[in-house]
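As structure tokens, here come the structures.
Below, subunit A partners subunit B and then partners subunit C, in two separate complexes.
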Partner chain A sequence: MTETKTDELVGRGNKEGADLFREWFDSLADAAKNGRGAAYVFVMGSMAELLHVFDFPLVLPEITSLQTAVRRVADTYLAEAEDYGYSPDICGYVKADMAVQLRGGQHPMGQIPKPSVAVMSNACNTYIKWAEIWERMYGIPLFVLDVPATRQAGGQFQPGSSDFERDRKYVEAQVRELITLCEQVSGKKFDIDRLRESLGYANDMNEGWRRVLELNKSKPSLFNAVTDGTVYLGVSNNLRGTKKGSQFFKNLVEEMEYKAAHGIGTQIVEKYRLGFVGVPCYPIFRRFSEMFTEWGGNFVHSTYLNFASGGGNLGYQYDVNRPIESLAEGYLISVREAMDNMFHQDRVVIDWVKNYELDGVVYHPIKSCRTVSTGLADGRRAMMAATDVPSLFIESDMMDKRVVSEAQMKNRADAFFEGLASRREMAKVAQT
Partner chain B sequence: MSVYTSGIDVGSTYTKAVILKDGNEIVSRAMLNTGFRLEEAARKAYETTLEQAGLNESDSSYLVTTGFGRHLVGFRDVNVTDINASARGAAFLFPKTRTILDVGGQTMKAIQLTEEGKVKSFRLNDKCAAGTGAFLEKTARYMGYKTEEIGTLAAVSKTAVPISGVCAVFAESEVINHLSQGMSPSDIMYGSIVSLVARSVQLLKRVGMNPEFTLIGGILRFESMSHVVREQIKTEVNVAEGDLVQYVTALGAAILGYRRFEKIQREGQQAIAGA
Partner chain C sequence: MTLRLFETWQNQSLEGIFAECRELSEDAELPTVKRWRENGGKVLGHFQVYFPEEIAHAAGMLPLKMRGAPVEPTHSDSRFGSYLCSILKTNLELVLSNRVELDMFVTHPICDAARNLAAVWGRNYSYPCQILYLPQNANSKASAEYLRGEYDRVKNDIEALTGTQVTDEALRNSIAVYNENRSLLRKIYEIKRKQPWLLSGFEAYLLMNVGGMILREEHNEMLKAAIPLIEARPAKRQDKIRVVFEGGFCEQPPLDLIRAISQSCYIVDDDLLIGLRWILEDIPLEGDLLMNMADAYLEKSTYSPVQHDARKPKEKMLLQRIADSGAEAAIITAAKMCEPGLEDQVTYTKALDEKGIPYFVGEFEENMTSFDSMEIQLETFTENLIFS
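And now, the complex of A and B:
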């Protein structure tokens, strides 16, 4: 009986995630074929819950771009954008997307529809310049959701305070402006009950995501935050505020609770529990992960799962009785959390060292994203000053294999694990 | 009965082998160009050390490989990273070492050690060979000199020519430019060393400037290199005498081999299983 249950549940999240991914890309290809205009959005502050009310197909160009890297064809896309005139030094996601646009929306997983509107937050400063390219290409309106960020690390305004309420009202006013814009672009009247429905599904997803991340404190950990985690993260973005997304996370929680109860970990024998800071190395995604797993290192958490889920890790629950006000509050809290996971990651990581019982932390700055990479060296120093946990700093890229040096990264990773092993030996000796 | 252990450092430019007796006495060492047949180079270096020591392969109880080609030596017992091996070698020669600067053919490393001589943290150069031995070698070659002449050439310099870039590929155009302006090859060579050291000191600062400092690696065989490092960090530095400075990592591998062999003798093979 247990064996049957294990077969049914273990690995289900990865399989369902992959299936949903394909379905989502297929739906976008249909939309492109039928000439439907999409809403182009980003992973940090997508406003998907609201955009579903107007039946926009949602395109997340960051995800389309990273798929070109995972499928090992990003180089041709990057080269095409560089031939067109973009500098090798700018964001790889932007360049891959430009090539996709120049190809009429064609990408390795199908085709994306053209945009009717683009919605972005201020969480990433490239978002705005990126969307301005679409504005020029397609003559579409842009909407920037300006979310007040943390002014001082550790001093975030909390609900109930007048400062928070002022920020919340500022976001709410923008949400109302966005509703008007969506009505104009889609020709559909805003339906508050549909928003309630979408928020309800998002609540399930947020709570599921929070719970799944929490469950990975288990020993052994239940999933690899860099590999498996990225699959779950994809669903949290692609299907935010949908019934399918809600069901996926309910199923995922069931799987993880089952694994936790039965002591089922990942496919490796977990010797070292690691934290990951930054964006994964997609051009050699599998190999990158193996550099750690072959030593028994498993990533139990990653700042990527927090910021690239738009702060969904907090599990914010919308109040469907006051949907617009609550949507504004949720975005203020969650997008701020996403930014904190990039700009104040030291605080997040120091917390993990204790709560996830980390043996080491891997920092992975990437050449083409200064937003997530600039503060990592400082964050690492702060983490080292606050804890006794060793760390590894390896640089590569999320898209561009020209700046990924596998041999050099492996050498650093090997030395890191030799250090962890020696440290463990010394601790054993000290105990005897 | 004496225990012999061996270390082979398959570096990007040279392959070095060391045989150690009872974990504390170097009985032989050999070095040759790595070339592109890495295992063959390791085999040749190893056999030369065995011959020098008057030993057979079966006399060596444990063989540890290190360096960028460490994985490709099929006849090893185990491989370790050059970071760990360098730490062991440097701490063996200079026990109070806390910071190591290793400048090799294509890599530059700064390593901080604990009081026990173990690796605490490390920093490596960027992905390119900028600021490593390759840069000096190419600079010398463009001016018609051999690698072995770098030390002599720099020693007669009167003033260092400022070198702005440290790119091994673009070195040629910069060298031609300086030569065309009447600069002497010795001053250009010395300027290249000053520029390279500035870059390595930057790396040292990133890992932490804790004395004692020990300099290792092929490039340190040129005396002007350690001289400029002393000048720039304003502190005395340890440098192994003669060509031993190039063998520190191989020596460290042989020491690790001895430790491991001892452990196996003491606790059995399972003591290191999965390590």
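And now, the complex of A and C:
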């Protein structure tokens, strides 16, 4: 009976996630075929809950771009954008998408529909510069959802304070303006009950995401935050606020609860519990992970899962009885959390060292993304001052193979694990 | 104004004033800031591009525009990764190397790198290090009210730090000082546009640049002394191409690069230190002063690659700047690793291609010391235009 249950549950999240991902791309191809204008949105602050009310197909260009790297064809896309005039020193996602647009939406996983509107939060400034390209190419309206974030380390404004209320009002006013814009672009009237429905599904997903991340405190950990976690993250973004997304996370929680109860970990014997800070190395996605799993190192958490889920890790629950106000408050709190996981990552990691019982932390700043990478070296210094946990700092990129030196990274990873092993031995000796 | 931070320009010829401004601009020890502190003053350092300095000024602080410096980032390098613009590193280097001491640091969400600075700074210093969230949705009806609240928040923090209440009277006085300063800078730019042979782009830059490191009253005094001398200059019109320089909104090109461009071209307009000239009209001195400042930031302001405003498409604004200044060509630059600057280079060049306006494209870094090849390319560019 248990074996049957194990067969049924273990690995289900990865399989369902992959299927849903494929389905999402197929739905985009259908939308393109039928000439439906999409809403182009971003993972941090997508406003998917609201955009579903107007039946926009949602394109997440960060995800379509990174897929060119995972499928090892990013270099041709980057080269096309650079031939057009873009610098090798700007975000690789922007350039891969630019090439997709120049190719009329052709993408290795299917046709991408053209945009009819773009919505971007300020969580990443490059979102705005990126969307300005579509504005020029297609003459579409852009909407910047401006979410004021933490002003000073540890100084988040809390609900009930006048500062928080000022920020919340600003976000709410923008949400209402976005509703008006969506009505104009889609030609559909806003339906508050559909928003309630979408928020309900998002609640399930947020709670599921929070619980799944929490369950990975288990020993051994239940999933690899860099590889498996990225699959789950894809669903949390692509299907945000949908029935399928809701069901996926209910199933995923069931799987993880089961694994935790039965002590089922990942496919490796876990020797070292690691934290990952930054963005994955998509050009060598599997190989990068293997550099750590080969030594028995498993990533039990990643800042990527927090910020690239738009702060979904907090598990914010919308109040469907006051949907617009609550949507504004939820975005203010969650997108702020996403930004905190980039700018104030030291605080997050110091907390994980204790609560996830980390043996080491891997920092992976990348050339393409200054939002995430600028403060990592300094954050690492703070983490090292506050804890006794070793860390590894390796720079590469999320898109551009030209700055990914696999052999050098492997050497650094090997040396890191040798250090971890010798440290463990010394600790044993000290105890005897 | 009793304390003077920068006196050496006084009783000098115009050339002498330029020389003093250059010396101060190149002095990475920031002697004016040191003098201010020695007299018990507090300093608010703010990152590029725009900060409402009037608020700090009204509290009796010295607002210091942190625009980078000609220093090696020997201490700050270990705080950052490899793929970053220079200005981030040199600004932090100024404080880590004790060249300048601050009482408060403020950055802005202008770009992905700069918005990290409040956290980086805050991990290294215990004084207030924060981000002023200038609105990124300039087109929302709620933006002005939100920004007014944000200014009020900063005002409260400054009051707590200095122990000085910023009264309406003090703020009104400060706004008047800054209105005058912006008006004088507009005059400088008017001369550049109308009679560029009277004032080179390099000279104008020197006069403007020192404004960010001294009291603005002193800057006004200096500009008021310099402008009549410029207007009376016996300089003659030369056969130079009139250009707009674009790309200096944040990190600043080395002085010698600006000088080199000025030798072969008339820089009739530019975006160098655009934050000092962000507000285009006087801010009203009546009514709700913070709201007036917020309104001016959003409604009476120029443009830059780091502010999205549907009413101000960057390429349209550049073409307008070129038309208004009667420029024949543009120099489109970006600081190395500057994401917004590099992205808008493409925007600008496509628009210039469409209009058939010649342009020169380049990248710079504030600490670059050799730009011979750029000089030669630029000379070739201008000669081609002159003789075509």
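List of remarks:
One rule holds for everything that comes next: the second predicted complex is superposed on the first by the 432 of 432 C-alpha atoms of A that agree within 3 Å, B and C clash if a C-alpha of one lies under 4 Å from a C-alpha of the other, contacts with A are read in each partner's own complex, and residues count from 1 in each chain.
Criterion: a residue touches a chain if its C-beta (ideal position, glycine included) is under 8 Å from a C-beta of that chain, and two chains touch if they have at least 3 such contacts.
Small disclaimer: the values here were computed from a predicted structure and weren't measured.
In this superposed model built on subunit A, subunit B and subunit C occupy separate space and fit side by side.
When the shared chain is aligned, subunit C comes close enough to touch A:128, but subunit B does not. Of the two partner chains, neither subunit B nor subunit C is touched by A:4.
By the touch criterion defined above, A:419 lies against subunit B but remains apart from subunit C after alignment on the C-alpha atoms of chain A. After overlaying the two complexes on the shared chain, residue contacts for A:90 are found with subunit C alone; subunit B is out of touch. Measured by the number of subunit A residues touched, the leading partner among subunit B and subunit C is C. By the touch criterion stated above, A:321 is placed in contact with neither subunit B nor subunit C. Of the two partner chains placed around the shared chain by superposition, subunit B is the only one that A:407 touches, whereas subunit C remains out of contact.
Look at A:431: by the touch rule set out above, it reaches neither subunit B nor subunit C.
Per the superposed model, the minimal spacing between any CA atom of subunit B and any CA atom of subunit C is 5 Å.
Under the contact criterion defined above, the residues of subunit A that touch both subunit B in one complex and subunit C in the other are 395. The part of subunit B that touches subunit A in the complex is made up of residues 68, 80-84, 116, 118-119, 121-124, 126-127, 275.
Against subunit A, the residues of subunit C that register as touching in their complex are 78-84, 88, 109-113, 115-116, 118-120, 122-124, 128-133, 135-137, 139-143, 145-146, 149-150, 153, 305-306, 308, 310, 313-315, 334, 336-337, 339-340, 342-347, 349-350. Interface residues of subunit A, counted against subunit C in their complex, comprise 84-87, 89-91, 94, 122, 124-126, 128-129, 132-133, 135-136, 141-146, 148-153, 155, 163, 166-167, 169-170, 173-174, 177, 342-344, 346, 365-367, 369-371, 373-379, 381-382, 395. Subunit A meets subunit B in the complex at residues 390, 393, 395, 403, 405, 407-408, 411-412, 414-415, 418-419, 421-423, 426.
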